[in-house]
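What follows is a structure written as structure tokens; I'll ask about it next.
Read from first to last, the chains carry the letters A, B, C, D, E and F; within each, the first residue is number 1.
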Amino acid sequence: MLHTINKSPFVHKNLESCLRFAKKGDPIMLYEDGVYTVAAGSKIEPMVAEALKKHPIYAIEADVKARGITKVIDGVYLCDYYCFVALVEQHKVYPWF
Amino acid sequence: MLHTINKSPFVHKNLESCLRFAKKGDPIMLYEDGVYTVAAGSKIEPMVAEALKKHPIYAIEADVKARGITKVIDGVYLCDYYCFVALVEQHKVYPWF
Amino acid sequence: MGEKEKTKIMFVMRKPPHGSIYAYEGLEAILIMGAYEQEISVVFIDDGVFALKREQDTKPLGVKEFSKTFAALEDYDITNIYTDKESLETRGLTVDDLIIKPKVLEASEIAKMMEEQQVLLPF
Amino acid sequence: MGEKEKTKIMFVMRKPPHGSIYAYEGLEAILIMGAYEQEISVVFIDDGVFALKREQDTKPLGVKEFSKTFAALEDYDITNIYTDKESLETRGLTVDDLIIKPKVLEASEIAKMMEEQQVLLPF
Amino acid sequence: MKFGILIQDGPYNHEAADSAYNFIQAALERGHTIQGIFFYNDGVINATKLMEPPQDDRNISKRWSDLGAKGIDIIVCVAAAKRRGINEDVLIPNARISGLGQLTEIAIESDRLITFGS
Amino acid sequence: MKFGILIQDGPYNHEAADSAYNFIQAALERGHTIQGIFFYNDGVINATKLMEPPQDDRNISKRWSDLGAKGIDIIVCVAAAKRRGINEDVLIPNARISGLGQLTEIAIESDRLITFGS
């Protein structure tokens, strides 16, 4: 199952919920304000590093660029909407609004 | 200054922000989904008990009743919109959306 | 034979009632979809469990009280109703605080059920 | 003498840009109010600091890039611009990552300034 | 006192419009003046007269129109309204569409400005 | 594959309508079929033809109408629309107002249902 997150991890606890329910190996797609999760150097980074041990993590590059995020946490895949669609071809989707 | 919070503390981190900025003695008004903060017995209760040492905490009773919250944390004042207005007469307001 | 297989549709209720309309409009969607003879299930997680809290009295607020309609889902043949143990515990609730008795599951069991669905609807 | 005292109005920017419109419509409000010769100040706290992040490139997303307009607030005589130390640190940012150089304050100093305002506008 | 009210969110979807209404009613009953109610952001959707809620539910836009009939200034931000498809053709009676300058004037003239949103 | 799209939030105020549009464009370019786009909750506000965004900004309702012109079924939930003042008079061309049964049919007939909201 593909999990998607579109909220800032600094104000919302959706990422915590997602990580509690996601099965090992489930991919996580970050988009909209969710991409703040993958900016390197924040207080959230250790949680993301931990999550990367269990989940491939993707972030929509257009959202990353729009927000001026220039350094992304190692191991996160930047991708476009074709890549998002390709993941949806392989997985059902649950959005953690 | 009167601080207001209208979001659930289980999904949003607004209460943490509010407590970081609020001055000792500032009243806090909980309404809408913010009233889930004052339900007794939750994992949030210790944070609220701590906050009560520094701040009078109010919750709109109509919102509390609508959500079936029957036991409120000791020390929290249940109040109606007249009471909300009375607090606004005394204080400027900042809402932590 | 020749009969179309039922679609497995799960409503994942995560929002509390009254503060926003998602729980209520989600319920409206459940009721409609329930009439289509598909395989419907409903799971209440995170703040979604608050939708089932007993003793909701919305009269002072002047909005609709709809928790009783969740209690009537069985009348619509929607009997696969679940909730999450940790979501209840975090909120100081037990299943006795709820107007219905959903099956209480671990997050891992809910994740497994979500995986088995064809459609997941977030409300 | 006889001149009306200026109203102290503070915009408290807490929302990140692009995911919702609040930062942008907040900026529109700042620009209009800036023309009324009141005592305007703007403080960026929590995710609001992201509105000032350098190198925002919204072309791939197809939405407006407006961080440069924050940079131009001085041209509108809005010079009381502040941000919160801990909000920056939590997000791994320093003032060098921002398109302008707001005065970096402790939360307690910001709280004091908020207390002194007549009007607080949340965006 | 003179209270100004800013509403940043739409009706029904969030409780903000209800909370604002309940606050205003209580303020009026306590003898305060409402200097103006300004709809901004998704708040502008409160001002459509095309709203048809179910019969057993509250009619939120009518509430605002009724407050306008009592003489309270109900203002809808023109720029925010255009983005969301609110114009004079669909505007509730007793409200007006105007600019952010009106919010500025409310802010200046009120003793308190209270914002409801989400 | 056949993709169904559910949109739960309004235009401009949140990015959901943009993300959904970008996803749909990419899906179409990868050769998928869009079984239907269903607007629910505040999503119904996407479907007003009265929207007039600034000239230099995207016109979100026109995007949906253009997808409808290409033959994609654009459906606005009638109950949600009534609450928010969206009716046939203000509906964008190439869309239709109907009930939640249509969402059910999209859910049944699609290989995937993807929801955009906030």
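Rule of thumb we're sticking to: contacts are C-beta pairs under 8 Å (C-beta built on N, C-alpha and C of every residue); 3 or more make two chains touch, one makes a residue touch a chain.
Everything quoted here is computed from the prediction, not taken from an experiment.
Participant: Would you mind naming the chains that touch chain B and likewise touch chain F?
Facilitator: A, C, D, E
Participant: Most remote chain relative to chain C, going by C-alpha centroids?
Facilitator: Farthest by centroid: D.
Participant: Among all other chains, pick the one whose mean CA position is farthest from the mean CA position of chain F.
Facilitator: Farthest from chain F by mean C-alpha position: B.
Participant: How big is the gap, in whole Å, between where the Cα atoms of chain D centre and where those of chain E centre?
Facilitator: 25
Participant: At what distance in angstrom does the C-alpha mean of chain E lie from that of chain A?
Facilitator: Each chain reduced to its C-alpha mean, chain A and chain E end up 37 Å apart.
Participant: Could you grab the centroid distance between chain C and chain D? Build each centroid from C-alpha atoms only and quote it in angstrom.
Facilitator: 41
Participant: Using CA atom averages as chain centres, what separation in Å is found between chain A and chain B?
Facilitator: Going by mean C-alpha positions, chain A sits 32 Å from chain B.
Participant: So which stretches of chain B touch two or more other chains?
Facilitator: 6-7, 10-11, 17, 32-33, 62, 92-93, 95, 97
Participant: Please list all residues of chain F that touch 2 or more other chains.
Facilitator: 8, 12-15, 22, 41, 79, 83, 113, 115, 117-118
Participant: Residues of chain C that contact two or more other chains, please.
Facilitator: In chain C, 18-21, 46, 61, 63, 118-120, 122 touch at least two other chains.
Participant: All pairs of touching chains, please: list them by chain label.
Facilitator: Here the touching chain pairs work out to A-B, A-C, A-D, A-F, B-C, B-D, B-E, C-E, C-F, D-E, D-F, E-F.
Participant: Can you tell me which positions in chain B touch chain C when the two form their complex?
Facilitator: Contacts found on chain B: 6-8, 10-11, 32-33, 36, 39-43, 45, 61-63, 65-70.
Participant: Where on chain F does chain A make contact in their complex?
Facilitator: Answer in residue numbers: 1, 3, 8, 14-16, 19, 22-23, 25-27, 29-30, 32, 112-118.
Participant: Considering only the defined contacts, which chain F positions touch chain D in the complex?
Facilitator: Spelled out, the residues of chain F in touch with chain D are 12-15, 18, 22, 56-58, 118.
Participant: Taking the touch rule as given, give the residues of chain C at its contact with chain E in the complex, in rising order.
Facilitator: Contact set of chain C toward chain E: 18-21, 61-64.
Participant: Which residues of chain C touch chain A in their complex?
Facilitator: Per the touch definition, chain C meets chain A at residues 12, 14, 45-46, 86, 107-108, 110-112, 114-115, 117-120, 122.
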